[in-house]
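What follows is a set of structures to go through.
Look at the two complexes coming up: chain A is in both, with chain B in one and chain C in the other.
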Partner chain A sequence: MEDGTDVSLSIAQIVQRLRGSHLHSQLERQAKDCLHRPEIKLESLKEDVRSFLRASGWEKRLQNAVYRELHVQLPQCHPTAPAEHLKEPLAYMRKAQASWEKRVLKSLNSMSTELGVPLARMRPAGEQKDLTNKWNEMGTDEPDLSRFRPVYAPKDFLEVLISLRNPNHDSSEDMTVKSHWGLIQVPLNIRDIPQLRQAYSELNLNNGQLGIDDHAHVHPDLFENNYVHIGKKVVVEQDSAAAQQYSRRGCPTGLRSDLWALILNSTNQPQDVMHYEQLKAGVIQHDLLVDYLIYKDVKLTASNDDYYFVFEDFLYQVLLCFSRDTAVLEHFKYNSATPPKSYVHGKVGNEEFAVLYPPNGVIPFHGFSMYVAPLCFLYNEPSKLYSVFREMYIRYFFRLHSISSSPSGIVALCLQFERLLQAHLPQLFYHLRQIEAQPLRIAFKWMVRAFSGYLSTDQLLLLWDRILGYDSLEVVAVLAAAVFAFRAENLMEVTSLASAEAVLADLSTLKVMPLIQIFLFATAI
Partner chain B sequence: MAIVNSIFWKTLVLKNLDRSYSTPQTMSCSEDHTESVDCTVKPPVFLQIGDTKGDSARSGVCVVDVTLPYGKPINIEKITFKNYYTAYVTVRLLRRKAEKEGSTKWCTALTDLALMDNPHTDGGSQNYFSIHRRQMQVQPDHVESIRLILRQPSSAWRIFSLEDIRLFPHKELAPEKEVSDWLSDLIVVKQPPDLEVLLMLYVLVKSFYNPDVTACFTTLAQITCCQFLIKPRHISSLQGLPDPQTVSSSIQQMWALTEVMQANRTTASIGRFDVDGCYDINLLSLT
Partner chain C sequence: MKQVHRAIFIFIFLNLLTCFVLHPEGGTMAGKVKWVTDIEKSVLINNFEKREWVQVTESEDWNFYWMSIQTIRNVFSVDTGYRLSDDQMVNHFPNHYELTRKDLMIKNIKRYRKDLEKESSPLAEKDENGKYIYLDFVPVTFMLPADYNLFVEEFRKNPSSTWIMKPCGKAQGKGIFLINKLSQIKKWSRDSRTSTFVAASSGKEAYVISLYIDNPLLIGGKKFDLRLYVLVTTYRPLKCYMYKLGFCRFCTVKYTPSTSELDNMFVHLTNVAIQKHGDDYNHVHGGKWTVSNLRLYLESTRGKEVTNRLFDQIHWIVVQSLKAVAVNASPSLTSSTANDRILKYNLINDTLNIVTPNGDIPDCRWNRSPPREAMGNYQVLYDEEQAQSENAERDLRSRSGQSLGSKGSKGSAGVRPAAATWK
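Let's look at the complex of A and B:
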């Protein structure tokens, strides 16, 4: 009976969210317009309208919208639970996230004061006109960025995660199996290999995979042709759930952009384009300090990357608009982070003049632009690229830089990586620990970026296929452990952190799917 | 005309009821209306094996007694609490046999309800829970005292307990008459003697259903219209008052408009991040 009330509560919440949306008005208009059609009879009005909507694909669109809502729905919880509990149930994690945020805000404040650059200012008319003209080639504009530095880098964040402690956890015993080899010391529940084998059964050795069985020396009739044929059918059906299931074994290159757009329910309708234009207007009107941080980040990371430097302009167009998008604020209901608050000039403390900064509440860090860069290979229209990126951020990427107990959160991923390595390569782990080269210090930067910028693009996209297909970032931790397993022999020979880093410096030749498959399904337990 | 009007009012009233049940917020509102009962939560008693002086091994079992004021047994609707690292909880109830006199007997209502997915890890360790009477193996009626047996087999935790334990009494709901039945009763009866009293009662019942003030106000307006509809023979005697048909039709139009507005209420935001075009910010607030 409890399940019944849970389901009806979910339904009520989803109806509330979809009501008044553009899809709702489109459905109503379609239903009204179809009344002229001859097959709609007055006696069976309701059934006929319904079958019309089904046949014309509108019911499928509604289904996809509901499926999307299920992905971003707040977890069902007790009516007396306060909102902060929904964001993050564990009190010590909330506290750690709050103090981390305070550090970041202090850093941003001091940057603003030292450099004399205001957090936000209205652009004068001349500057607005300039920017509008230069919109498609912002990369050529070289503002003086030498004074700016990123607010934080992944390694600063790693130090915070290492210092996380559960105050109720008894760690008085010195060496226990569970805890003290690795850097992460919080007792989260993570899955071990037998459980992962069950959860990721589609990646089994017996199943064909893109990334393995589409290799040049495997005849395409054995797997690839049939699989692509099925993929085309899924795209024609326009079904989100089917696309997500399909993506678990990889997406063919030609179909990937449509499949990902389906899974994320990112349409490129006129209202999406209009929304993007509205954000663009916001960029042109106001100049934010975070804009310089974005510029700096793109220049430092994507522009230096052989694969992504061509997309520099796209990255500015997406990330600057992303900062102005208040729709992103919705995800803070289930994100343990809180958007920074400020007051319009001179009205500190007056709630009527309270605003959030930046408008989307997300302060970019060093490497943030790498979340967008791989998507540029799939989408060339800025508004479509933008809506796919935004959806991927509010479903997955935000978990990689906030402290939470979620199984897809970065804390759980780090713990999972360490546990997998400890359980299956204990000698390697012990050796690296002895030479003061804790594996997490090397793997952390890969995981925070979901391997973007470290793998070659085609391999990275195969990895992100599985993230979308399984709706979880766990596969990132599994890949990190698999990379260590692959280079274990070389790593056993090294004698310092620097040489361990050198062994693992270049991942661009790796093939991710064989590594993951062997680690999960061919490791002796 | 009166019949058409009566059908219209019935559907409007029914729709009003539907709306009050369709929004989850209102559902939880009506939950909060039942107050928790005053009870005393005794400090937890940890069970030790053998010598109680020896503190070396931490106990994995503790017992929390929750007693009700003497002479006031209750029928329990649900028990709510916030977990703090308890893995399993067993609920035992001390029930009184008959209404007044009779012996009391302990019985187990729920055995080893799992609160944490894995006793060694953090999942579920700080969540909020309710135990409903439907989940209990025995009827939790005439309960004088509750014993909660908490178990935490893992040695990983320093302390474990339950916080904010509350008991909610079981309320027998009076059989609800469909509100439209009230209306049809009023309309069918030709000369209801205490119509004013009936209508005020109706308003009170409505306000109990839907604590939303605007709904009450609208209900009152509905009532006044009903008065016009229901007392046709008095209309001619009321001089100088507007024609009830025009009043009722104009109010019908207003109602239709409010219904449309409320049905189309959207949760989408407009997307502006500035305050009246101004977004000049000084510093970020650190509190």
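Let's look at the complex of A and C:
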């Protein structure tokens, strides 16, 4: 009977979250309005109203909303477990995350003091007017960014992960040579290839895939035309769950933006547009120190990228608003991270004067804007782009820069990457380790960004299709290992970290799906 | 000017092109291709050297001469020109200026449309407003000072419109400006009283003025144009190939139709030569996107059908322009970024592979279509010979009772299906 209680608990949670939401009031209004309709009879009121809601697509919208809640639901736990266990069950991980956060916040605060730039500042009226006029072309602004440094870069974060240790685990018990080859030394449960083959069965060699079977030399009647036809039906059905399942084999370019919006339940309702406009008003009104970090990051990364430089202005419009969006704070319930707290001047320690900083609790790091950039290829309307990005962040991207035991978390991905390589290319792993070119040192930057900026955009989108389809970032680790496998021959010849980096410097010509498919399904085990 | 010969190699850009001419006299020579060029560009020279062709000077026996514009003028001028022999190729068509000079281009298109109308070709069909259905790819344009009065009449119909003035004989964005008041082109009204012959032959003051399209497609809020490479190997019958790796050039500054920005050339013109001097020009990507990026963006935001139709229409315009004119001038071989250098090197490589298959010495009798493997990154844009043989088949079938439908007559006008992709 335990299962029954779990389910009813789940239901109760979801009902509570949806109660009072905009969708709820829309459903009520629809139900009231439909009473006038001739097919609604008093004697069968309940069934008739339900039929009407089903036929008019409202039931489907509710279904999608429920499906969305399942994605961000807190894991089931013992009723008396403290909230922090919901964020992260393992104490040592929590501790490591907390001390990392302290470091980051300290760095931010000292930057603020050194540069004399306040964490937040109200803009004078003239500046507000200027910014309003320049809203669509902030890229042409040239603020002096030379004094600003990114708060941290991925490699700083990697050092922290490398130093993670489980105090309850005596690793000397498990002294197989191989387990000490890699940089990650925590015993998380990760899947091996036989398990991955089962989990990712849609990707196997017998199934048509986008990214492989839509190639110019393959006749479209063999796979593509039919697959696109099914995709169109999925979009018409407006079913989130179906879209997610469909996405596992890739999304056709013409349907991808609709499919992703469905999977993420980003419907861009008037209230979403209004929310975005409010955020924009917040940006105009006051200036945050993190804004400069965002400017700097965009200028350093996306503006120099062959694909994304075009969208520079959209990136500011999304990220500046993102920093001010307190709705993002919700996700900290299941994120091991905790939003940094700052205190009003002179009142440090006094909780009454505590303020979350930045308002959304997320401090951007070097490369952060690359999470948004690929989405600009799909959505050209700011509030839609914003809402898709935000949902992607609170479902997936946050896991790439917080310390947790989640199977989609960066620690697990790193460990999985190393283990996959060790198991299937032991010679290569050993060789690279000997020349002090630990594979993770090269692959880490790819994984933290989910490969954004390293792959060509069309390939990146095919990869992100599978992240959405399988609701997991695991495929990022698999791809990282597959890339090493692909370039193994050249890597065996190198004699230094620098030359290993050079062999793996340019991934822009790689085709991700064949690499993943071969690695998972054509590797002898 | 003697009519074009069987095997002509024409190499074009959207408004520029280069032509190779073979003269049907003399014999072939055994041995390596001998080349000359007066343009010191590595993308050319590296390609010649890679084929182990032999560099010679202009005064020696050469097979292949990649000429600058000035040299071409000399070769084909009435006074100083000379005949090419059977085994010689040059990279410009004699009347190359028919396409690069904007006034001649306009004249040719207008004449082409009139010709089609006269032969009652369905291609020249107009809609209820008098606009061409299939041939409406040039905005309203006049030549100045010749058509000044006609222009004024049109201007007065829409006094709030903006027009773009482009000098006929210049390239790379030089001398272009926008106007929205008649007073801004007063100069051409004075000159309209002088004879058109004087104005045209001076070449310097002649301009074309076109209605400015103020709602262009923007990406990331920026305006862009397309640089496509088309290769023509024979003109009659028309055989042309489009290079799959064209690119888009973006304005570095946000587009705004506001009149206060009319003077800001960085907003309105996309020529790299101009953008390079803007503050925001980036030397890594050069403000350029590949056409495949463009395709991905359009398919993702607008859908596949719309995007396919767009590219079909672009290809259509190219073919129709070729049919309207002979073409000309030199593509920019200057590379602005590393990616650009690679693109142009590969472009020349693929081009040379098509025109000199197996690295053989040119022979004017050669006129085969290259096999698919030899095309590199080119794809067939239009093959008139093949179209005509298909047409003959279809005619046979239609004579046996089927109606012609929307396809109409082919012949020199080419095929233009109304809705489906035209391949």
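Basically, the second predicted complex is superposed on the first by the 513 of 525 C-alpha atoms of A that agree within 3 Å, B and C clash if a C-alpha of one lies under 4 Å from a C-alpha of the other, contacts with A are read in each partner's own complex, and residues count from 1 in each chain.
Quick note on the criterion: contacts are C-beta pairs under 8 Å (C-beta built on N, C-alpha and C of every residue); 3 or more make two chains touch, one makes a residue touch a chain.
All values derive from a computational prediction rather than experimental measurement.
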item	value
Superposed partners chain B and chain C on chain A - clash or fit	fit
Touched partner set for A:Y307, first chain B, second chain C, both or neither	second
Partner, of chain C and chain B, that touches more residues belonging to chain A	B
Which superposed partner A:H217 touches (first chain B, second chain C, both, neither)	neither
First (chain B), second (chain C), both or neither touched by A:N166	first
Which superposed partner A:V348 touches (first chain B, second chain C, both, neither)	first
Chain B versus chain C as contact partner of A:H36, first or second or both or neither	neither
Chain B versus chain C as contact partner of A:G20, first or second or both or neither	first
Contacts of A:K46 with chain B and chain C, given as first, second, both or neither	neither
Superposed model, angle subtended at chain A by chain C and chain B (C-alpha, nearest 10 degrees)	160
After fitting on chain A: smallest Cα gap, chain B-chain C, Å	29
Residues of chain C touching chain A in the complex	219-222, 250, 253-254, 279-280, 282, 284-285, 287, 289, 292-293, 296-297, 299-301, 303-305, 307, 339
Chain C-touching residues of chain A, taken from the complex the two chains share	136-137, 139-140, 142, 252-254, 256-257, 303-307, 309-314, 376-380, 457-458, 461
Sites on chain B touched by chain A in the complex	22-24, 27-28, 31, 80, 84-85, 117-118, 120-123, 125-130, 132, 134-135, 155-159, 263-269, 271-275, 278-286
Chain A residues within the chain B interface of the complex	1-2, 9, 12-13, 15-17, 19-21, 77-81, 85, 89-91, 102, 105-106, 108-109, 112-113, 118-122, 166, 168-170, 178, 186-190, 275, 278, 282, 286, 324-327, 340-346, 348, 352-353, 355-357, 359, 405
